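Note that chain A is present in both complexes that follow, paired respectively with chain B and with chain C.
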Partner chain A sequence: MIRRPIPRWLAIALGVGGVVLLLTAYSILSARQTRKNENQRVIPGWQTFKEGAARLVRPQGSAEDPQPSMLATDLKATYWRLFLGFFTGVALSIVMGIAMGAYRFIEALLAPVMSFLAKIPPTAMLPIYFVLVGTDQKMFTAMVALGVFFNMAQSIYQAIAGEVKTVSIDKAYTLGASDPEIIYEVIWKQILPSVLDNLRLQIGPAMIFLLAAEMLVGGEGMGFRIRMESRVLNMSVVYIYLTILGLTGLMADYGLLWLRRWLCPWCVR
Partner chain B sequence: MYELEINHVSHRYGDYRVLNDINLQILPGQIVAMVGPSGCGKSTLLQAILGTHPPTEGEIRADGVLINKPSRNVGIVYQQYSLYDFLTAEENVAFGLKLDETSLPSRIFSYRSYAKKRQVHLRKAREFLEKVGLSSAMGRYPAELSGGMRQRVAIAQAFILKPKIVLLDEPFGALDETTRQELQMMLLKFYQENLKAKQRGERPEYTIIIVTHELNEALYVADRVIGLSRYHTQSEKGAMIVYDRPCPVFSPDDPRDFSKLVEQREELRKAVFDESYIKDHNKYVSFWSELAQDSQLAATAAANQPAPRRIR
Partner chain C sequence: MKILGWTCTLMFLLSVGCSGDKPTTAGKTGGPAPKFTLAWSEYPSWSVFGVADELGLLNKDAGKQGELEKKWNVDVVLKGVDYDTCIQLYGTGEADAVCITNMDVLGSATSRNSVAIFPTSTSVGGDACVTVGIDNLEALKGKKTYGLAKSVSQYAFERILTARNLNPKEFPFESMDPQAAATALQTGNDSIKSIMVWNPFVMDTLKKVQGSKRLFDSSEIPEEIIDMVVIGKDSLGKDGSKRFAQCLMETFYTINKRMENPETRDATLVALGAKFSNLQLEEMKQVVTQTKFYTTPAEGLALYKSDKFKNTTMPAVVKFCVENQIVEGKATVGFDKADSQLNFDTGLLQGLIDGVESK
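Then we have the complex of A and B:
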């Protein structure tokens, strides 16, 4: 029957079962491919993964001048860019979204332009970033920040329009609120759950923009490594990176979900 | 001094005239019910008194202060959305005290003194919630409260700041009959407190305009009823106050006997809601002359036997 509840133990068992099923299917596929061609590297076996992982964590450089491993360099570069871009984009979009949601003249001035710019695929704007910002760290930050900014600012502005009733604002004035107090105590607190939900939704796109930029330019980072290794068919490294990316998204998602429960106990949905 | 004064207020939307020359004075401690057919301009008048939409002509003053934007002088309780979802019942009630008595910078930069004040605010909020019969729901969020509980919290939230006047905009419209009766009783209790304050020579705390479409409710909870309507001889100029008379005062212990309201209810229905009954708009506007008559009567009666017909 549709939507009939299942016991909790079964839900957990099925969840674990799904992961086991995925790994088993992979093992079978890999084994079959290896039977056809012993040197195949498209669906590598677990042994190849081990070798790939060992190569990733081996320190680089010479004994006199040791350098961090490939994995450490890439993770550091990618996560730093992601954090910097995401943080900048989100901070700007919160300011802009609230300004548009709170003041009619800012809304009238910026809403049409913003909705137009939000429709241009950020990856298609890469050439503009090359020309305007260059190809260094600033470009990656700008790419992620602006990619997140337009959508996020629009979502926040729409959340304010939909969730903050005019009567709530009028009511706050009758309770003696000033304009800044209405923005912080009424508008911000009311939309916080939507902001956190939108952050979760933006993590995926942010990673797409960053990885796309890294695949095109840059001498380090996960996108760059995936492109380089796939050229020489080192698929074990590629798969490891893909898994790390998936886990990163998953962890950010759960982190934000937890943050929402903690910060907005009033909003359970 | 009047708690609220409306002087020659007219309002138009473009060429359409909604309100025409509204004049109304409300004394401290009065509970005034406002009735009128839908679309007659009740909301427009309410928004003007609240200050969100000042009238195109005339002026409104609360305790002598001109109203041209919403302020803490005029409180409001809406039919819904009066509470903040993200605050618990007690925080909702304390919200006004927080906004009124502390500022955003002081809450951040002198957190310690704010925290002390906060304790006082929350204690006051809890005391008020106990008064409106909600001691069990202090820490719950609006989503966890029933409709009647939410309106009680909203009423506490509006009154805790002691505004000059509080507007109740169809406050019980969405409630079931039993809850509605309980909340009507609460207003009657407020009225009794007003009378006691007056006896002590203090300014009564609860001055109310309640908008309702239930005529029995209007006559039951209020001590004065006004009717807003277009059905008068100058109808094309907009709605006017066509009814303004005192009405019987019930005490919370009295039985809910509406039979003594029948006569006035019919008069009210005819004067305000009967489309075919066109009359001079002043025909039923007699609150002040009746009041003067009453005080004269009371003065004479005081000499013989102390029993004023109406308590106001």
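Then we have the complex of A and C:
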């Protein structure tokens, strides 16, 4: 029957089953490719993954000049860039989105421009970033931040237009609230669940922008490594990175869901 | 410009038609033509295959044959894609043959045994370090040079410094996509003043950036960076594979003859330029001096038989690849040794010279 609830144990078992199915399908595909060419590294077997993983965690550099492993270097670089860019973008977009949602003249001035810029992938404007912020950390931060900013600001401002009723604002004014009070008590508290939902939607694009930039610029980071290793078909390394990226997305998704439940227990969707 | 290009192509086509030395249909073994795929990317000596398709020597589509395909009774499928994609198509077995450098092929050869059947060109200036405001190597010390890591760019950069008795460790090399690096240098940003890239980016940058300078280039290491055509050993085991190899060779040398012939030279260069970053005639004339073609089978054979290439260059390239973790463990390289992972095979080139037509 459509939408009939299933018991919790079954839901968990089916979830695990899905993962097993995925792994089995991969094993079959890998075995088939290996039959064609026993040295193949395109769809590597589990043994090859072990070797790839070992290579990833092996410390680099020489005895006199030890360096952290490739994995440590790349994760540190990528997550720091992602974190910095994402939070800069989100913080700015919250300010801008609320300003646009609250004041008509800001809305009129910025809404068309924002909607235009939101459609342009930042990676396509690489030369502009080079001119403005150079080629190092600042460029990655700016690229992720702006990639998130335009979309996020737009959806926050639309959330305010759609969810915050004028009558609530009028009521607050009647009770003697100031502008800052209305923005915090009426607008912000009402749109918080939408903001958190939108954050979840922005994690994917943010990672895509960052990885695309890393593939072009810089000598470390997950995007760089994925490009370098897939050039020489070391797919075991590439797939490990893709798995890490997938898990990152999954964890961030669940983390934000949990955050929403915790911050806005009143909001049930 | 487009019209000029088409006019030239048309003239070229006419001249091919009139030249009278069309390959004779040698009446090869009957039956359906076996299908083989070549992956090529835009590069002076590889765009030759794209031009051959335009001229009707080859037909890039499956199930259709050009002049030379008919002669050798094979169906050559041409896949003109990005260089990295070429490497992947070849590595996955989707392409039987690939246009690749003698360095990048080592990575592929460790997962798919490969046979280098003939060299197409060598870089003598086509890879260069271009700087702005840095006039000598002393000034470059300690400043970052941007270029694609683990590629011929980094190889040439370190090799030339070593050849000049300098320590590459004192010259930091930072990875950046060559096109992005060329763009970054053009924007005049302070953080980037030196790039190591390949053509067309070298020429493009020198032309567009005022005060830019060719600090050094691959002309100091001639016949070390080799562009070539490689076939998977598994594909060479298939029926008709030798005819496929011979067809590719004849195609390559036919276009080379057109480039030598004063009557067809310019038109051929224009056609190649259209498939190499849309360069015009004058630029293409310069390109072919920096990317020296192996215009005859004898020239190609001379490279494969040269002691320097065998005993110095290839071991140095392998060493570089191992040190930079481009290949795990050593890829075995052999000359006319069938069991090595990468085998430089002189048999087909010799056969072409001797005029022996293998079955």
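Assume the second predicted complex is superposed on the first by the 269 of 269 C-alpha atoms of A that agree within 3 Å, B and C clash if a C-alpha of one lies under 4 Å from a C-alpha of the other, contacts with A are read in each partner's own complex, and residues count from 1 in each chain.
What we mean here is this: contacts are C-beta pairs under 8 Å (C-beta built on N, C-alpha and C of every residue); 3 or more make two chains touch, one makes a residue touch a chain.
Nothing here was measured: the structure is a model prediction, and the numbers come from that model.
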item	value
First, second, both or neither for A:Q67, with chain B first and chain C second	neither
Which of chain B and chain C A:T24 touches, first, second, both or neither	neither
Touching partner for A:P180 - first (chain B), second (chain C), both, neither	first
Partner chain in contact with A:K171 - chain B first, chain C second, else both or neither	first
Partner chain(s) touched by A:Q190 [first = chain B, second = chain C, both, neither]	first
Which of chain B and chain C A:T243 touches, first, second, both or neither	neither
Chain B versus chain C as contact partner of A:C267, first or second or both or neither	first
Touching residues on chain B, where the partner in the complex is chain A	50-52, 69-72, 74-76, 78, 81-82, 84-88, 95-96, 99-100, 103-104, 141-143, 157-158, 161, 163
Sites on chain A touched by chain B in the complex	165, 167-168, 170-178, 180-181, 184-186, 189-190, 192, 264-267
Chain C - residues contacting chain A, complex	84, 87-88, 91-93, 104, 107-108, 110-113, 146, 149-150, 174-177, 179-180, 183-184, 186-192, 234, 325-328
Complex interface listing, chain A residues touching chain C	36-37, 39-42, 51, 55, 126-127, 130-131, 134-136, 215-219, 224, 227-228, 230-234
